[in-house]
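Note that chain A is present in both complexes that follow, paired respectively with chain B and with chain C.
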Partner chain A sequence: MDKFKIFLLPVVGLVFGIIILMLIVFSLNSIPIFQREGIAIYTTNIWKAGEVPEEEFYGILAAIYGTLYTSTIAILISLPISVGLAVFISDLLPKKLREFFIIPTDIMAGLPTILYGIWGIFVLAPSLSGMMKFLYDNFSFIPFFSYYNPTGFSYLSAGILLAIMVTPFATSLIREAYMAIPSIYREAVYSLGLTRYEATKVLLSYIKPAILAGTLLAFGRAVGETVAVSLVIGNAFNIHSSLFAPGYTISSLIANQFGNAFIYEFMPSALFSAGLALFLIGLVVNVSGLLVLKRWGYA
Partner chain B sequence: MLRELKNKVFILYLIISAFLVLFPLLHILFSVFANGIPVLLKFGMEFLTETLPAPNKPGGGIFPAIYGTFVMVFLASLIGIPLAVLAGIFVAEYPNNALSKATRSLLLIMMEFPTILVGLFVMAIIVLPLGSFSALAGAIALSIVMLPYVATYTEQAMRSVPQQYKEGAYALGLRKVRVVFSITLKIAKKGVVTGLLIGMAKVSGETAPLIFTAGNAWRSTGGALEPAGAVPLWIYYLVQQPYANYHELAWGAAFVLMVFFLAIFLPIRLSMVRS
Partner chain C sequence: MKKVLAFGILVALLMLGCVSEESKEGAMEQIKIYGSGASFPAPQIENWISEFSKVNKNVVVEYASKGSGAGINDFKSKLVHFACTDPPAKKSEWEEFEKLGKPLQFPFIVGAVVVVYNLPVEGLKLDGETIAKIFMGDIEFWDDERIKALNPNANLPHEKIIVIHRSDSSGTTEVFTTYLSLVSEEFKKRVGAGKLVDWPVDKLGRGFGGKGNEGVSAMLKQTQNSIAYVELAYALHENFKMVSIKNAEGNFVKANSETISSAISASSAYVPDPTEGYKEDPKLFLNAKGKNSYPIVSFSHVLLWQSYPEKEAKAIKSFWKWVLTEGQKKIIDGYAPIPKEVAELGLKAVESIRGE
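And now, the complex of A and B:
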């Protein structure tokens, strides 16, 4: 082994060390709440902070539910338009115009998330509340619309905001895979006399793995997003089927509650265990996304 | 007939998708401009030099936030960039090594990692032992967020350097260290600098890693071991206040943040188009 490599090894070790230490810190700090409540921290929806430690009890099921609910809404909105934009840019636009559509999506992907947050709280949520009231007044028999007196701060607002935030990322991944389809295949498909719709359907089936990976990685981003979501989700311990109900996500729970957590005996540990859950969900989703990319040779 | 109709509907769907993606962006940019510019005009230069006013009192500005952002991004760069560049060099120079492959995957995972967890982690290992929020803790959190971006850009830039230059350098009898730092890194300079700027632009807009590390400062501008404000952090807290003048300050701050981001990001992105 050359000297230069030996000189660099500690740096690489440190990078791995940070992640491993992170996992250790979250695990160790979760121990008190696991010892006290066991798995109930993840399976109950109770948030009782008390002056006396005996009265405290924490269960973050509502936050886990909210995280999965909002991220699912985000993906359901984002996926069809991500694919649509990817095909639009590579098939409908002449080469010279492509950058006019790609650069804005790149800006969106990098834009500070707090800008989505301020737009969400002052523009998106208020403008959604009117629509929500209408749907509640007329269609409240449908469970999705059944929350009484919606304010605009809800799972739906968070889901829409997340969809806007993850779409640029998903669409660029899908677009790159779509554009990389060998031209032989394109020519073959069109030589059969297929319409654009039929041809695209065949071509898209060729990049299914990239679409799956894009979905997983976008889901992973949605799960971890914090500030923008915490400003529009309403921050309430709630497990409700309605899109219009306020709720919590794991990350917004942490952002919202940690400020005063240290007054209580067990709350910090409860929030670290919430962080541990987020850590593991994020890790599983992102690693599977990256594995899909690797397996089919996209990364 | 039916085939053609399906095709038309499909093309309409593509156009609507493009609209649905671009409309929110334009609306966000427009909202920040439309709400931010009047605030800056109303407050004047004071907006950049004054501290937080009392609720519903005129005047004031966001200086402590700008100061904190600069201090923390500077410190984060000081800590993060050397680490990131060296890690990038390792991955680029020993590409087939098992550790390099693992590092490359790790960097990709770190990029997708929820940044609030980085903040919580740094709180546990820095803030709690030191007993206080500090600019230093915020900077350490930002340096962890920055690391994978800078490392990945460095790696790609280093790998794009043609093999002949390196071979030429080795043929002259230079040692590996010299080849890497005097030849490869010099040729890859543009790509590496792009990575640094992208990393710095990225962390200057981060909020979540700072909430539990930097604390916040509304009226003071202190040293590295004192709590510090940051522009995104201020916006996050100001929009949650019930006061109209705080909302104005938040829009103004959002405008400043957006201009700062676009000023770094757009030239880099446009130069990619040209090359």
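And now, the complex of A and C:
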């Protein structure tokens, strides 16, 4: 047994080593911008590049805001869909038909994200712009709709695109957990005389941890998505409460700017600190997930 | 079965041997030159490369269009043999080059930045001041008095103006913002000139960023009531509606080879010696005098080293010599050839390249 432990040690060390090394690299490279601007890099919304270093100033607040906003939209849309799909596939479909539904969702999960991005820029954004115009014209007193944006490039487009991309992930995780519920429980639930809806509710509460895990995974993926989002979010340093406003996300900011960042003195460091912010967001989300599990008594 | 397999492998190996030997022979003669940088002259360079390959089969030139900034970076890390940049290299950049070797810079083509729009109105006319106000977000509606005054007969809609700009660092942006800073004191103060600027219109929520010329043009095509700036060859290719811009003498001109050439001949084409390229004035052709001159015209420059390995030096010399002589007669739509004196200056620089 001990030998087996020693045998596995390098693998564990490698994974942890990589994570820690990445954190170190990101932190070290962020130091210049922190020394120059302090916390202002995270609390202001400015992106001023200049050939003269004195003129440079970077603040990524708009990108942090956009990242959280779009990912939240994505989760809010994709969670009910993935739970519904999981229940539908495992409870209502005849066994023979299941594969026909599982395979497409698995393929969707594996598609290169640029495909979603191109679809987003040419189909999703233009078709949403019509709906957005209608909602703005008639309901602009609601803060979510209070933004005139005829382009369709907005938080909403990015959020919907992300929802479409993360749903397959969340679905397959929840589906596997749901199908793995021991049949004794199922039989017990039905023997109590519950209706199908009531029974499903009880069974779903049994797999709460899996649903949470699916949500966290989906959120993580939504936060990190780069190419597709940068095509539909509008790439504007803008902070607005409306769904229809254009914005930026951290990942799309890095994708847009990294190619040319090294011409400027402080931009690479600013982008590293943006990466660090992504790390922190991921950490906070996962830790809070663990805390919730603990409250439920699972961990 | 095993025997068949073994035989198959043997045959495959033999064929592989033949192929690799053949390609080796090819490589002995062919020399590859790599370049990267500005997307502004990319269509013209592609055209030159295909023309050049017809007359000179031994040299293969490859050009990656990824932006002036990225090109300068590649050049600095010696990933490429030459780099193209629209605005001339800055003094600070030049000093960094000089730490690595002897750099050369000279112009090789003239192009123009045009203001394009998506609006059911033909022949829109604007002056520099108004364009600056639109791109700063000061003018909100298309039927603003200041636009109406320039277009008394046009049927302008009461719609908000959507401003589209580049989200990545680009030479096109630098040329455009340099022009706007030249004609508008306010723009110079609030925004300034650079490859990447902080557009005030973004904060008003009417500004959008597209990545690269492709991103900008996809957004423009799909967005009614929008305005953007792109490089002329790109606008021609996409068939965008172009704004006629008021030039220094008060005439409204559209960009084409003729109005670009007029701007060049109207200005004194002072180009510094290629060994001190950073001394060039980036405002050289902007807002040039002359009745028929288009106001946003700029050189695109190439960066070369003064010495390369023997074989590469020969190939690089032959390509750039060809570009500055024969190439200047094969200019595609949307560009203009450089003046003769400037070409001669470039030729001298190319001649000075030595092999090691």
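Here is the rule we use: the second predicted complex is superposed on the first by the 260 of 299 C-alpha atoms of A that agree within 3 Å, B and C clash if a C-alpha of one lies under 4 Å from a C-alpha of the other, contacts with A are read in each partner's own complex, and residues count from 1 in each chain.
We adopt the following convention: a contact is a pair of C-beta atoms (placed from the backbone, for glycine too) under 8 Å apart; a residue touches a chain by one contact, two chains touch by 3 or more.
On a predicted model such as this, the values are computed, not experimentally measured, just so you know.
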| item | value |
| --- | --- |
| Touching partner for A:P168 - first (chain B), second (chain C), both, neither | first |
| Contacts of A:A188 with chain B and chain C, given as first, second, both or neither | neither |
| Which partner, chain B or chain C, touches more chain A residues | B |
| First, second, both or neither for A:T200, with chain B first and chain C second | first |
| Partner chain in contact with A:K48 - chain B first, chain C second, else both or neither | second |
| Partner chain(s) touched by A:A236 [first = chain B, second = chain C, both, neither] | second |
| First, second, both or neither for A:I121, with chain B first and chain C second | both |
| Chain B and chain C footprints on chain A, overlapping residues | 121-122, 231, 259 |
| Contact footprint of chain A on chain C as seen in their complex | 66-67, 69-70, 72-73, 90, 92-93, 160, 162, 167-169, 192, 194-198, 202-203, 205, 207-211, 215, 218-219, 222-226 |
| Contact footprint of chain A on chain B as seen in their complex | 3-4, 6-7, 9-11, 13-18, 20-22, 24-28, 31-32, 35, 83, 86-87, 89-90, 93-94, 99, 102-103, 105-110, 112-118, 120-121, 124-125, 144, 147, 151, 175-177, 180, 198, 201-202, 204-208, 211-212, 232, 235-236, 239-240, 247, 250-251, 254, 257-258, 261-262, 265-266, 269-270, 273 |
| Chain A - residues contacting chain B, complex | 2-5, 7-9, 11-12, 14-16, 18-19, 21-22, 25-26, 29, 80-85, 87-89, 91-92, 99, 101, 103-108, 110-119, 121-123, 164, 167-168, 171, 195-198, 200, 217, 220-221, 223-227, 231, 251, 254-255, 258-259, 271-272, 275, 278-279, 282-283, 286-287, 289-290, 299 |
| Chain A residues touching chain C - in the complex, by the definition given at the top | 45-51, 55, 121-122, 125-126, 147-153, 230-231, 234-238, 240, 245-246, 256-257, 259-260, 262-263 |
